[in-house]
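Below, each structure is written out as structure tokens.
In the two complexes that follow, chain A is the common piece, with chain B as its partner first and chain C second.
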Partner chain A sequence: MKPAPFDYESPVTLDDALALLDRPGACPLAGGQSLIPNLSMRRTRPDLLVDLRRVPDLRSIETNAGTLRIGPMVTFAEAAASPEVRDACPLVIEAIRHVGSPAIRNRGTLAGNLVWADPASELPLVAVALGAVLTLRRRDGEREVAAADFLLGAFECAIRPGEIVTSIRFPVAGPGARASFAEVSPRRNAPALAAVAAQIEVVDGKVRAARIVVGGVHPVPLRLTAVEVALEDAGPGTDLPDLGASVAKRAVGSLPDAADYASAVVPPLVGRTIASILAAS
Partner chain B sequence: MDGLNDKVGGGTRYAFDAALPGMRHAKLLRSPHPHARILGIDASHALALPGVVCVVTGEDAARLPDPHHGFSVRDQPLIAIGKVRYVGDPVAAVVAMDERTALAALELIAVDYEVLEPVPTLDAALAPGAPVLFDEPHPGAPLGVGAGSWSRNEPAPNVLYEYGYARGEIDTDLAGAAHVFTDSFAISRISHYYLEPYSGVARIEDGRIELWTCNQDPFMIRADISRMFGLPVNDICLHSPMIGGGFGGKSYCKLEPLIVLMAMKARAPVRLALTLDESLLTLTKHAGVLTLTTGVDAEGRLIARRSELKLDGGAYADASAMVALKAAYRVTGPYRWKSVFSRASIIRTTTIPAGSYRGFGGTQASYASECQIDMIARRIGLDPYEMRRRNLLDVGEPFAPGDSGMDSDLRRGLDEVCRRLGYHERSQHPGHRNGRGMGLAIGIKDGGGTGNHAQATVTVSHTGAVTVSAATTEIGQGAGSTLCRIATRTLGLPLANARYAPIDTDRTPLNNGTHVSCGTTVTGTAVQRAAEDARAQILEFAAEQLQCPAADLTLEESGQGWAVRRGADLHPLAPLIMSWFGGVGYVFIGRGGIKVPYDERSPVRARNLFWMPSWAGAEVEIDRETGRLRVLQLIVGGDAGHAIDMASCVGQIAGAALQAYGLSLFEELRYRDGAQPENADPRAYRVPMASDLPDRFDCFVEEHGMGPGPFGAKGLGESGMLAVTAALANAIEDATGARVTTTPFTGERILAALDGLDTVVPMDQRSAAE
Partner chain C sequence: MAVGLVGTSVRRIEDHRLLTGKACYVADIVLPQMLHMAVVRSTRAHAEIVEIRVDKALAYPGVRLVLTGEDVRHLGPLPCIDLFPDSKPALHRVLALDKVRYVGEPIAVVIADDGYAVEDAAELVEVVYRDLPVVLDLGEAASEAPPALLYPEFDTNVANVCRQEVGDPDAAFTDAAHVFEETFRIHRYAAAPMETRGVVADPTGQGGRITLHTSTQFPHLVRAFLGGVLGIPESDIRVVAPDVGGGFGAKCEFYPEEVISVVAARRLGRPVRWIEGRQEHFVATTHAREQIHTMRAAVDADGIVTAVTLRSLTSNGAAMFTLATTPASISSAMLRGPYRIPNYRAESLSVLTNKTPLAVYRGAGHPQAVLCMELMMDRIARDLGIDRIDLRRRNMLTKGELPSDRGTAIVLAGKVVYDTGDYPGCLDQVLELAGWDDRLRRQAEARGEGRIVGLGVACFVEETAIGPYETGHVRVDGSGKVTVLTGASPHGQGTATAIAQLVAEELQIPIADVTVRHGDTDVVADGVGTFASRGGAIAGAAARLAAHKVREKAVLIASELLEAAAVDVAWVDGRAEIVGVPGRGVTLAEIARRATAWNSLPAGLSSFNLDEVAHHQVPGIAFANAAHVVEVEIDRDTGTVRVLDYAVVHDSGRIINPMIVEGQVHGGIAQGLGGLLMEEIAYDATGRPLVSGFQDYFLPTSAEMPDIRTGFMESPTPLNPYGMKGAGEGGTTGAVGAITGAIADALAPLGIRVAGDGPFTPPAVMALLRARGEGVGA
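Let's look at the complex of A and B:
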């Protein structure tokens, strides 16, 4: 199908962009990898598309005072190639390996992926796992929202009309931090049926700051704190992947409405991410 | 070869691109209900919209001499008359000055429906007291069959067609067999997913109908329009430009009569180009359940097989009857049997009509048969390779009494797959039976059509320029290039001299359509005979000019253009011809034809022209915890008899194999709650992409030299689909011991099969068995 008719603007300053987005029916366009197909299918019918491509300063990646800041127009491919991201947030790099095809990674943005809030996509898991904070800006102000509060449900997030994401801030990972991301999808480059994002700091053989977040079993990314605690409390010599998988199985088993297949594969994927992290440590 | 560059560069013109002066544009309003009576259609608001030319509904259609089409059972109205029978059934057609206006007008049409209970599945359709899709039987003669077969149109409510074939004492032989196994297999509904959306343009001028269409059967459509509109065939002309893929989805009558009716009512040329979304609502490949009961002797020799095939035909007949016949007749595979009982029924449901898809039921039949052969081998402790080898038909051995003999060396192809795959060494891999394994399968299908015929002309100008004219459409298979090769090879002239003429039914010699892998063998034979005729005329002309016997002369291309050779002397032909004829020269017109005779002694009423075997092998790795399947190797081979163009042959095998690969792994057109299509749009419905390819994908084409076509050739266009699904299922069992019997083989289904294994066989017994 073809999109319903819409107006198009391509502003060159952030203020102009925010002024345009303040109009009723306006919608920002970043990488367009989800928005454009949905326009074509007429599932989304904005009156005005505000293309952010020419707005300066939305493409930066910088580390400052223990925080990695990623601009809203940074694409997956740019983030994956960035030494700053690699050093500060290895989990972001691990997750991007699973995002779409090269063509999608070349155009799709991290911020767009979060705003679209697809429960099958990778960045929401990572943002929740790392405790990312989003800056949301509108014509008359700015606010900050933690990723866990930003994602409200399948394809639902806390962004309001007129707002855009102007930065995603991730805390820089501690020393010894290792990350792993695993997912199962029906075919390559297809949305995942189940996914696991894991980051663990391994210092002197001891697990610290474990972050385990799973997708596919809940409308929003689900942090498995029971697994995190079990890993951090485990005594020496414990089979940590096995422990993680069995605790995950109990945690996922108690969820209402989780798809059978996702519930069945999330626990082994948790075990695999832990094994992969320990192997790299 | 020019075509290749044109295709890549966008220069190729498709029916989609056809444009005429004063052309109007049409869009279709489709039923949102799976089953409903149409109580009324109010198009007045649509007609009031500026730019709308007319609206066509069932009321217009009902005035035609015969508003229905369908192969063997004529049940499909060119637009809904009184009732809709699936979500997407066209209800009204708007013709407007442009597509946008037509789309806007669709939203202004009010249809008053009385919603009826849907009949979404085989079980629902066959349940006692199920709502019926049709109240009255339909015109149309059942497909003709021969010895041992029966063929019935509409034998029971919601049953469109039944075909059966029996020979031998099935009950006695099953009772006497050492082992008897019954297994059921389910196959899912898939879409043809051709990339050029279904499209056509019609013009009525001076009382003649002219139609540009993407359909692959121009003469069949001409006959349908002739019957439906009550017009002689020579008042109807179809043009068939390059077709952007079809795979059976553009065969038999589709939207052409509706486009003609719209052009008549609009009094202007009308173009209807569906979107890809709508194309998905036009035709599917039959889903179904196939139950096979097979008896074998103590040595694993096949004795008897009883097969019951229930195929989901969707709302209308299309080519379902042919699919049922072919599926049931072939479900015994390329093996020797004492007795056979096969029956296939097409069940009507309120879903998208199903029709031919690259192999007419061959994929469904080969999938079920080759899975069961493998299962039986494992159950009786035989290697599946050995089981097949013991039972395969020999060269020359008839497929069934009264039918033609096997014209491929089936063991040779199987051995080639094993060699390429490393099948006999598979147990040396440490992962064998522990998540890693290999499977084989041999598909079989008849080729060339039943009692088929074709005509062709080959004309040669005074300069040696060759024009080949036949009605095999260019649908991506390289028909024109292959037929030109046959003509020039016969004439002894270079391929560069030849062109394949554009197809229109006023000028092009007739054939029955681009079907059943018949292009090279049937139409190719007509072309070869036409080229021989032209060659004889040329040599006779030269013999007269040179005052010598024609037998002394041969044709060849020389440095000075084409020439005849007589011993050591070369005589350029152009001057010879020009000096005799003068003027603008001359063309030699060669004519050729072929008719495969009917034969009532053969089960399907004609001895099959040639057999299309397909050999496949797969190696897979299964993730025990997620059920994920990784295909390490997929090997697929066919027999071209003699390859006229080897690259085209290998391309045909590879393309077909990937369609079966998609069906096996993830392709499936699903219905939500049985009523609404769930993924009938090109974003949600996915065919295999480059990233989905097996780690190693190896296609090969053998040349066993026994084809009935030109130079020993035979067709293979459909064959690549036949064996892939079974080979993958068999590899999964080889890897894990678990059997999946429903396509697609998703992680979820494989995991469930693996979990079932754990509950059925305790761990200690399983390891002992391994």
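Let's look at the complex of A and C:
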């Protein structure tokens, strides 16, 4: 369980880091919670590992003009403890409860988790649900990509060689926003077999800005727009969890290449997340 | 002070060191000039080896040596110690010769200067294979026309047949009012101890004497096996089991790395280290459990089970490892558990398949046997409309029927004669502890609400504290402190604490004055090891016997020192006093000093030193028993099984330390739960295992564990002077049957029949529900 040979650099400026990452075979190291085990199993064989730990200003969390900005080296534990995140994006907090163990949350980063694009992990669902935008920086410029466009497949994302994520921006949730995250896994904190991320604003008993995204059905997060619309259009007195579950069942059931188990369990999980949000509202 | 120390929950003397990072595992051992070994393993399940190209690996910087099967062709295979006279000795080679039979089989080793270079170079060893048909399915493997023969010389893949015959089962089936038949399948999983295996082989002892540090449960047996394979006297070998981070049976086996590291170290004249990786562990360390049992039961009109027959297949993998027939032997000998069932026949086959060798794991064959018997009991009860508890009571041996010769035998351990226990009393007590009647009412209510709730009950008897013997050596030196050398080789159980309690009580001294040493064949001259729930009971009995002899000798010496007759000397608080004159006495230290070599031999003694050795010869197997009751709920929407409640009453004879026994029971239950609900080593159609580490092999955590209420009964065994039986495995043995029974009970009203077929993961349970139109997604 020892990695294949690689070079290692630990730059102290972002420019130096980007210059190093421009080299062929370079790979950035953030929290290392997925990369290091894969190096050890020799599934990943970079020529050069560029450790971002000493690069300044990558750990900030700030809210500005309706946007929450999370730096690329912010760990799950830091995000979970942040009042800014709690106020702006309760769904992020709900999802982090299901991420790994405390040791993993202490080191693993949100950005690293998105780049790894593991179909069983939680943050990609949240990023798609909330319409997060990632800033990708390379040596000679930067670009912005919406989370839904960033995640391309199992362990596949839109990042190109030489690029790193320099920020994840989430729109600040409206007043009355409540979130719920539910998943099924073989064991607590094991990779999810199926998951649902839900955020809803409930104002005067009326649902607004519903966001329902499910995992496990496809290799990338699947947004259930039909459920969102149904919830927002529902008249007073509607059994919203029941409505959500039945619309989700129709939506997932019509997909040709859906994973069998997740398709079966996602609809009731959708119902449960909605029920949990309503109970807290 | 030490009066009544046995039976109290003394804090474990091991823990401070272990919990403060002071432990020393094999991987912590660093020796001068130490080299590193990597093992090149088969990537094919069944193939001829056409060629092994080692040039590139040899040329890699830092590489010292590459060894292949040809280099050790002259060495014999690894021993299997539980072969039957007519077994097929399909023994594992140190390195594969001409052929590989499972993914992970060692083909070559590379030795290099550092742990990184050696893995780089190991990748450069090229093996050219010619694939052979793969044998994975147990039924096919054992059939008349298997896809291939793993060892064509034997003309069969059935390596062993273990038979048991009691009474006249044929007549009982002829007379039966009802006959039940069921096939139970238990999947393959593994012990997965926190510390993987590892060795440091040091050839630099005086005259080339070898020290092998290895993560094992039985260092003395490793010394014997190693001497046998290498053809060198045991006195040229020292085996050290340093701190060992769990074994559960998987380290109660003798492995190829324990030989080849020594061969390489002797060749190079430098220490050689190998630490198993976790991914490697799942192919290189023995697996467990996988069995198919076809069981028939004859039942009379009153629900009395008059006979049972069993035909079982065990998927032994590609070779017979150290304890290869034991799982099949135990499940066949112990299937009837606490039930009378006067007529019985078993035919248990150990079958070779292209998988990692299978051997013992916590409970060995017991968990499978309990699963089969208890599920069969539930099925009989359900089909005949008899209450399942009542049915068990009708068939259960009573206290008055013990001892009971069951007419079966366990390989290596001997005849099955139940010694003591109160099986119906144990069942009564656990039902009380579980609040059974109340639980039944609530289950009915829950079912009325559409919830899927099940109750499981498992009663069992299990072999513990087996022989043949264990050693204890108690020495008091001039400091007045006591050192115990034990032949047990504990690896997390708390055996040192238990032994210290027994010795401190015998000598009436503070437990802090007792040091227990183990796991080093140069320190402990003779021993057997820790497995089969034998450490506390058997090693404990040996140590206590030695302490008793020390005390008797101390009284004799004291009588000289006190100028009193031995009968007038009393042993009080760790010192000898003249009866009736409390002020006049001598301490243990004074007595020990009187017996040293620079004094004259004390009157009436034939040897110096306050130092005694005891061999506790085990006259027979002590049988522990327990009853488990568990409640589970299945989430209809997701298939998730949650264990809601657990009650267990455990009887392992006289208890040395209730806290330790309770911990053993709880830990055992956790392993039973994990194995049933989440652990599996599945193979693809080409024989590649689908497990690569803890990212896809899930062990249970505290989050999955229910609260466990534990009750104890103590039925002392007459087989050792202190009445102790073993407690290491019962938790697992009971949990597997009880939890499966609860799942079966939960699903029975839905028309879903469960007969093993774990693990019960959410998708697996969902598939059962959907097949019956129960899941929401159906």
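Here is the rule we go by: the second predicted complex is superposed on the first by the 281 of 281 C-alpha atoms of A that agree within 3 Å, B and C clash if a C-alpha of one lies under 4 Å from a C-alpha of the other, contacts with A are read in each partner's own complex, and residues count from 1 in each chain.
Just so it is clear, a contact is a pair of C-beta atoms (placed from the backbone, for glycine too) under 8 Å apart; a residue touches a chain by one contact, two chains touch by 3 or more.
Being a predicted model, the structure only gives us computed values, none of them experimental.
Bringing the complexes onto one copy of chain A puts chain B in a clash with chain C.
Once the two complexes are overlaid on the shared chain, A:I274 sits clear of chain B and of chain C alike.
Using the contact criterion defined above for the overlaid structures, shared-chain residue A:P191 touches chain C, although it does not reach chain B. In the superposition on chain A, contact of A:V265 is made with both chain B and chain C. Judged by the number of chain A residues each one touches, C leads among chain B and chain C.
Once the two complexes are overlaid on the shared chain, A:L18 sits clear of chain B and of chain C alike. By the document's definition of touching, neither partner reaches A:L35: not chain B, not chain C. Judged by the document's definition of touching, chain A residues 1, 37, 41, 184, 186-190, 193, 261, 264-265, 268-269 lie at the interface with chain B and also at the interface with chain C. Across the interface of their complex, chain A is touched by residues 275, 277, 625-628, 665-666, 681, 683, 686, 688-689, 691-692, 746-748, 751 of chain B. Listing the residues of chain A that touch chain C in their complex gives 1-5, 37, 41-42, 184, 186-191, 193-194, 245, 249, 261, 263-265, 267-269, 272. For chain A in complex with chain B, the touching residues are 1, 37, 41, 101, 184, 186-190, 193, 260-261, 264-265, 268-269. Across the interface of their complex, chain A is touched by residues 115-116, 119-120, 123, 277-280, 637-640, 678, 692-693, 695, 698-701, 703-704, 761-763, 766, 770, 775-778 of chain C.
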